[in-house]
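Have a look at these structures, which come just after this line.
Presented sequentially are two complexes of chain A, the first with chain B as partner and the second with chain C.
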Partner chain A sequence: MDFAQFQQAPVSVPTEHHSHGNRWDPYVDNGGTSLAIAGEDFVVVASDTRQSNGYSINSRYSPKAFELSNGSVLATTGYHADALKLVEHIEQRAQLYFHKHDRAMNVSAMAQMLSGILYSKRFFPYYVFPILSGLDAKGKGAVYTYDPVGNMERVNYQAYGSASALVQPFLDSQVGFKNQRNADPSRLLERPQAVKLAIDAFTGATERDIHTGDWLDLFIIDQDGIHQTKRELKHD
Partner chain B sequence: MDAIKIQLPHTVQPRAENANDGAVSRTMQPIVTGTSVVAFKYKDGIMMAADTLASYGSLARFRSEKRLMAVGDNTLVGVSGDLSDFQYMQHVLEDLETRELCMDDDQTLGTKSVYKYISNIMYNRRTKVDPLWNSYVVAGLDHDEKFLGFVDLYGTRYQSPTIATGFGAHLAQPILRKRVEGREDEIEEEEALAILDDCMRVLFYRDARSFNKLRRAKVTAQGVEISEPYSLETNWDFAESIVGYGG
Partner chain C sequence: MTSIGTGYDLSVSTYSPDGRIFQVEYAQKAVDNSGTAIGLRVKDGVVLAVEKIKHSRLLVPESNRRIMTAAKHVGIVSAGWMSDTRHLVKRAREESRNYHDTYKRDVPAKILAERMGMYKQVYTLYSAVRPFGVGTIMASYDADGPQLYMVEPSGQYFGYHGCAAGKGKQVAKTEIEKLKLSEMTVREAIKEAARIIYSAHDETKDKLFELELSWVCEESGRKHQRVPKELIEEAIQYAERALDEDDDEMDDDEE
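== the complex of A and B ==
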């Protein structure tokens, strides 16, 4: 915990100094957790909606997973202001693509583009950990994960954010069947199981991570489109 | 359509990096500051309060500064942090109002537009690592829809039924969460005023950079109303019983 942040508040007095050399740090971590689980013909995406700053809760409902114009969902964590700008950046490029090609971007094209957008800011990165989800050209669930500078990987499931160290091992066990005898690690989950695991993961994360909680935005993407629901998490 | 460009009002000097001496000046720290802003939704709209003090470090330098501002017909903006940066923002917003007026198209500035406008300026300046050292609380009422949003020097923004900046985030927000959250559409004006005063009283007792001269404001269907400065009843009898530094 960086206690210097209390002195960075807008009300600090002139004589108090900041910790990062003499240079103001233009980043903040707004906490929160996002995950995605791919199935044969669907993807489940979930993000909590708490936004925090240090020990303070800014808002109980500040969504960080966004439905994009091409029918995919971008779930983020990290620095919320950058996440919002990243979504604007993606949508602007997606619109240019739409007018140029007269069709919406498919998910793999958008995935590649997102990597490029992130890397284009390699030396002043968007402090965002994005998870891009949708259906690929064959209608299979697709989950693409990134680091803030654009490293990209297609995976079957991923958890990012302040509770990722709690949730990812849980998914490794229950979705990836890792380190289990007689289990097939490439097996994909059925839809009800994936939804149930996503909810359970957040119930657990909310219990142990102070930056995760309040509400859960749940997206199920299938060939009919995006089905969004909002569930309650603990508000403490 | 003209390119969108923020015109500096003639009263604002160009920033030093635009001058040709090669020097760059940035706000590295706030100098003259305003403390907390407290705001929340209630039945008829949004209530907001801020005291009138502009501190110079621990010195109570200017004692009747206005930190609440109306923009357009139904938007209220409250600010904490560096007040010279706020005065710059005031110029920019007044300029925006003027340009909107000159359009003469019977359109008015909506609260969400003002909020996005301020947010973009704040995020843009943080991206230049040359922030405006402020937190802004933007409130309004458009077609029966209550809006209450926040943006700070990082460009971090959020909306919430209760918002408090600075020390208010630590001292007033817990009170607001208890008394307002979930009741935004029930609270009558009388109760809202009581809640607001209780928050400001706690802040005056505990925030050493606060002041017992404050303004409150509300945005309702009737528009924005910013009060004249007033004071709160306080009771310091407990001070008699305090010995040493145990307070």
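== the complex of A and C ==
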């Protein structure tokens, strides 16, 4: 008997993401890239603004880096719906903290709190890769990087998102001076240099990654506050 | 205001017709019957002192401490039920630790005081439990400087420059009010605290007592710790001398 007649190949479109065959997936990857670079007394945060789903574009301008009420910036990649909810939650906690303590949360406290918030959904995670940036208690640039369930590390620079494989090695080389003889790996960049590298990272990423492009939201955090600019990227 | 609340005092979930909850007031009585505890917040730190009444000569000196540490920078002295006190300090330790795990910084005094207040308040809601018969005096040195809070059995709490609880609280409060706390240093405050405890102590009622002194200040690196032995001895001498002078004064007045 030919049993092959009982076997049917599951129908699936090759570009769309379904785990476990045809089952509904609660998560969607909205693409895009984010990065942050810490300096001696500033942080540069950059995120593109294209929001996509598979080969389709949902929006050319959907910001994924958010300014928080305590003066820090949260850059996200991954599932934008979860990113929005996460930011909402963090901001609520930041405001509760402010009213209870009569002062804004500092970055290290928020960083630790964010780790806990992410882990609290360990068994149905926020599909978000957050990068939290701000100035630490000494005024130095601080960048905290997380995985979706809250593993936290303070670093000098980080890139996440669909073009992270292109951008992170570039930052390792030009910001971290990795694998370079006679280079000082602990040297932090000057502000103009950091901004230039951030922009160049994105123009490069936009060329090769289909999910990255349209516009770039650039944040510079320093003692005077947060300065935000918008730059155009290729729309193709 | 002492009055019995016949009929309305059987459970903490019952108000009296004039809006009082008698069980909470009775809990306060338990605090009032304990050895005097005081806290003094001064320029560069906070001092805690307590009259530890001993019921037997067989007790090992310096055991059964009434002053406990809730966090590196927080000390607590209590008046009232000692068994309740241990439970509350355990809770304060957990709250401090939990805060630190969440925000990676030392718990501010007012946050910890609020948590203790809210915790005690819960036990005033249900008839299945009783309120804590403890007055909690909390000394702390955090980012906002030295601070002193007292949490009552009802859960109510206030920040103080100086506070007292227990048997001799009236005498103690009168003495504390005479002091210029904001201009004092902890070294001066230790001596005054000892003097006040000694003067609030009633020789006729409780013969045996031991003075416990602790501080959290600049000198201690903002850590809560027992006052060094030599300083305690100095303070006790100061206190005893002051008592003798008072006695001499009283004799003079009689003449």
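Basically, the second predicted complex is superposed on the first by the 214 of 236 C-alpha atoms of A that agree within 3 Å, B and C clash if a C-alpha of one lies under 4 Å from a C-alpha of the other, contacts with A are read in each partner's own complex, and residues count from 1 in each chain.
Please note the rule applied: contacts are C-beta pairs under 8 Å (C-beta built on N, C-alpha and C of every residue); 3 or more make two chains touch, one makes a residue touch a chain.
For clarity, every value in this text was computed on a predicted model and none was experimentally measured.
When chain A is checked against chain B and against chain C, the one touching more of its residues turns out to be B. By the document's definition of touching, of the two partners only chain B reaches A:N30; chain C does not. Of the two partner chains placed by superposition, only chain C is touched by A:M113; chain B is not.
In the superposed pair of complexes, A:P185 makes contact with neither chain B nor chain C. Look at A:H101: by the touch rule set out above, it reaches chain C but stays clear of chain B. By the document's definition of touching, neither partner reaches A:G139: not chain B, not chain C.
Touching of chain A by both chain B and chain C, each in its own complex, is seen for no residue at all. Contact residues on chain A toward chain B in their complex (touch as defined above): 9-16, 18, 22-24, 26-28, 30, 51, 53, 56, 58-62, 79-81, 84-85, 124. Here chain C touches chain A in the complex through residues 101-105, 108, 111, 114, going by the rule given at the top.
Against chain A, the residues of chain B that register as touching in their complex are 28-31, 33-36, 55-58, 80-82, 123, 126-127, 129, 131, 133-135, 150, 152-160, 165-167, 169-170, 173, 209.
Residue ranges on chain A touching chain C, taken from their complex, read 97, 100-101, 105-106, 108-109, 111-113, 116.
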